[in-house]
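Pasting the structures in now, so scroll down.
Two complexes, one shared chain (chain A), two partners (chain B, chain C).
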Partner chain A sequence: MMEANNFIEFHNVSFRYDSADSGDGEDGENVFAVSGIDFTVKQGEFVGILGRNGSGKSTLAKLMNALLIPTSGDVYVNGMNTRDASWLWEIRKSVGMIFQNPDNQIVASTVEDDVAFGLENLGVPREEMEPRINDALSVVGLADRRLKEPHYLSGGQKQRLAIAGILAMRPSCIVLDESTAMLDPKGRDRIISIVRELNLREKITIILITHHMDEVVDCDRLFIIDKGRIIKSGTPGEIFSDEETVVGAGLELPPVCELFQRLGLLGLRPGETVLTKEAGVEFLTGVR
Partner chain B sequence: MRISLGRYIPGKSLFHKADPRSKIIWTIVMMVFILLCTTRWQYLMATVFVMIVFLISGIPLKYILKSLRPVAVLMIITTVFNLVFYKGTTVLFAIGSFNVYREALFLSIKMILRIFMLIVSASLLTYTTTSVAITDGIEYLLRPLAIIKFPAHEIAMMMSIALRFIPMFADETDKIIKAQSSRGAEFDSKNVFKKIKSYVPVLIPLFVGAFKSAEDMSVAMESRCYRGGKGRTKFKVLKFTKYDLILLIITAVFCTGVILMKTVFKI
Partner chain C sequence: MSIKLEDIKYTYMPGTPFEKVALSDLYLEIREGEILALIGPTGSGKTTLLQHINGLLRPDSGSVFIDGEELTKKNLFKIRQKIGYVFQYPEQQLFEETVFKDIAFGLNRLKLPEDEVRARVYDAARLVGVSENLLERSVFDLSGGEKRRVAICGVLVTKPKYLMLDEPASGLDPEGKNAMLRLLKTFRDAGITVIFVSHNMNDVAETADRVVVINDGRIERQGTPREIFTEHDFLSGIGLSVPDVTDFFRLLSERTGVEIPDIITLDEGYAYLRDVYSKGGIPS
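Our next item is the complex of A and B:
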């Protein structure tokens, strides 16, 4: 049923919101938010999911920790079917979610209390909380803000606090559902570098859902989702060399790719798709 | 945004150090006592007791005055009405055709003291205790009611989240007011009805936003494994210390003292 090192498996998953609580801006009653989704994420992978607004990205995210149960098909998290209610808390403990709005996911009125919230829910003994909170806050660089009220944090700091709250629960996987969409470029970079670090050092599986292309250029694998279906998957190089599909899904190429695409029209063709500034500079100095 | 009520002022006083539970009990006892006061001796003693706690707490006087500001108008109006309309027996002096009676003067002083003491004792609690500690204390004190299926944990959780959201909604209101004024809405009309009406386009987006936030928040809480009070541990544990014992003993002594004065010495 499941390969050993697959962490998340989607088997032909479809999901339709009840007309009563319509989802991400879908209008008709019988529209599936996502349909026929089949994919796997391996333990320790860094996966990016791209899609425009209303493409079904957030629905996909919520299916990953049993906030939503598929209308048809099955989702397995570390071998546990999300349909099986007895695994519910185990699944939510191992898949942490960071949402879009920094203000709406902070529960407590001080930084340390908010990190403690998840631990309190898990019933972690008090003596164990202190070191876990310390560790989590120092990973995200908020150790000196422990006693601050969240109201006085910037948007980026709030998102880092949200990450700390999840980290303290020791998850195997973190899903970032457009968590950088409301941040300024600096805050965004910081979040991305923190999750990269977590992926490399702690081997935490990262699923980064976004529509900012430059955030995903160094993912292991990318999926493009549009109208509730996965329309393309592959490495960033493969995805961004296919401009037609990217643009067709309502997305833009990362600025560097865009630049080299245009340079290509002038006859300057690098051998492979240029994804980062550094690679671009290297190529151009080679040309000269 | 300035909200003086419910604002915590950090400090290291004995009253700060006391457990929120004993401070809540102290506040409730004082409020009940103040409302039951009848004789001037009782008023005097209540005032002295509250003032002593105020001095111990080290809260600057200006904060106390600030929290009195909203009720100042009420205090002035009741005083004026009492002085003008209350009919006693001994005339102190007359303004025009109105006689001001001695009894009226005492009544006014009592009223002012009563409102003053109520506000001061309540704000001493909120100034010296963080909102988290207050909700924790309330949760603990309501816990016995779980026998009759009273949702103590849920109510405390709702209160603490509500407190968390207050500054956020204040900011949000500010933003909406600016957005609406930039589109030509008028908020500084002198006409009261116009003024009330002009706030409708502020309240509607605020409410819609609040519901959206609440929904987001509930999803975020669920995804962090929140499942009510069962099986939950606490990061911050309330500790009953010697300061609490002292505070509660003094309060008890005070109450019995006043009752004794009333029954034995008839004052």
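Our next item is the complex of A and C:
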């Protein structure tokens, strides 16, 4: 059974792609993309998932909204088992997913139609669509682009449009799978601050998968996944004070954190980390 | 010898309602032996610029000179051999049965003897750190970072003098990204001039010898990373940023009133703080 405020639960989940979908192992055995995954995300939590290319992060993400069904084990979304096909639309509606490539998620010929697309599929009445589209576009800062063709938006704007399309469906959770990888610095900042706001204000559960360590320093919890298994979880402070595990998993410390880790010789206590610029300034001015 | 762009102008879809000036008043010299980073917001013209350098696009007006020779329709094929162009996400274009065949593919039309092909593939693989036992494997067995290095090998075998890479580290995990940045320096040290596009200011500061800032189809700044990354307001005004350590020391200076020299890399930041500590800490 699910605990009351758990939004997503993984129970001993393993997943293996069919041999038709991906390469067989050397000896013809299929390789598990993820195996033995047990984890939970609480309602309203902001969770970061880190791991090298091919570690199983995207597979994990797709298991969260029934794009993939576990080979063994069970995934529950708000109490609904993703195996149960009768919950499929309910699950897809409550867990929205943003992918890496902005160009692959646009379906309509105007910005507002693109947001309306998901609502039409859900059978939302016309009069209710209007305010929902307005709200969603203004949250992501695209209200003045309503009638534009998505083709003329920048990469960052396209990702914001994708977020608006999901927001209009009033999701409980948004999964971002390397959604900032192709964006310029401003586009990236904008996406991160929008999802942070959605988490704080609307209590939307956020699962952020990324290779940019500085994006996850404010997360409630982080998971490191390697070779399809969760090898470490904890607060950003707990994760990034364990440099050996982080680097061993193909990752790195956030830049400011790395500076202070090296500086450790000069006054950081074991297990102590400095994650943000603000914290760094405080540390330096505090010990002077 | 160098690459020179002189007074380049280029307009997309001229004479239609979608007309857009992509490059204008563009002068640029790329010096032999340097690593040049090209930065700019999305849609600023970075890729269009690269496409002019290897003749994929021809300017409406202005000229491109490669080692003193003007790029024309006639000499395009010959001159283009000096320029390697690694597209964004090049691994998406891998298709051959084996890593070896994929790397060698670009040599097919050159009709080289078999042992020359072999030598070039092995040299390229060695340079980028693709181990020999991978060469007979399927490209689908490789990791993301390995696939990208293989794709770059496919360009290196043509022995380019200038190598252009469009966001070579984008989408790679930190380990793969750091390996890619080291690789750019390896190329330079092997005598290949490197031109790369990046959205990551930390990477640019750690890797580039010179930086060109392009915005709205024009070059707005060029200089050393240190010269460029002291212009915080200008960069954030056009949607870019400064490296994280630069931003950190700027904040520290603001809060403490202490004047701090421009710091753009982690090594510099560490050296500065170590020095400050040896003198008794940040002065109050």
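The criterion applied here is as follows: the second predicted complex is superposed on the first by the 274 of 288 C-alpha atoms of A that agree within 3 Å, B and C clash if a C-alpha of one lies under 4 Å from a C-alpha of the other, contacts with A are read in each partner's own complex, and residues count from 1 in each chain.
The working rule: a contact is a pair of C-beta atoms (placed from the backbone, for glycine too) under 8 Å apart; a residue touches a chain by one contact, two chains touch by 3 or more.
No experiment lies behind these values; they were computed from the predicted model shown.
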Scan A:Gly250 for contacts with chain B and chain C and give back first, second, both or neither.
second
Touched partner set for A:Pro70, first chain B, second chain C, both or neither:
neither
Identify the partner contact of A:Gly54: answer first if only chain B is touched, second if only chain C is, both if each is, neither if none is.
second
Check whether A:Gly228 is in contact with chain B, with chain C, with both or with neither, and answer first, second, both or neither.
neither
Is A:Asn104 in contact with chain B, with chain C, with both, or with neither (first, second, both, neither)?
first
Identify the partner contact of A:Arg92: answer first if only chain B is touched, second if only chain C is, both if each is, neither if none is.
first
Both chain B and chain C contact which residues of chain A?
none
In the complex, the residues of chain B that touch chain A are 130-132, 160-161, 163-164, 167-168, 212-213, 216-217, 219-227, 231-237
In their shared complex, chain A is touched by residues of chain C numbered 40-43, 138, 140-141, 143-145, 170-178, 199, 201-202, 236, 239-241, 243-245, 247-248, 251-252, 255-256, 266, 269-270, 273-274, 277, 281-284
Within their complex, state which residues of chain A touch chain C.
22-23, 51-55, 100, 154-156, 178, 181-189, 211, 213-214, 247, 250-252, 254-256, 258-259, 262-263, 266-267, 277-278, 280-281, 284-285, 287-288
The answer for chain A against chain B in the complex is residues 62, 65, 67, 89, 92-93, 96-97, 99, 101, 103-110, 112-113, 116-126, 129, 133, 149-151, 165-166, 169
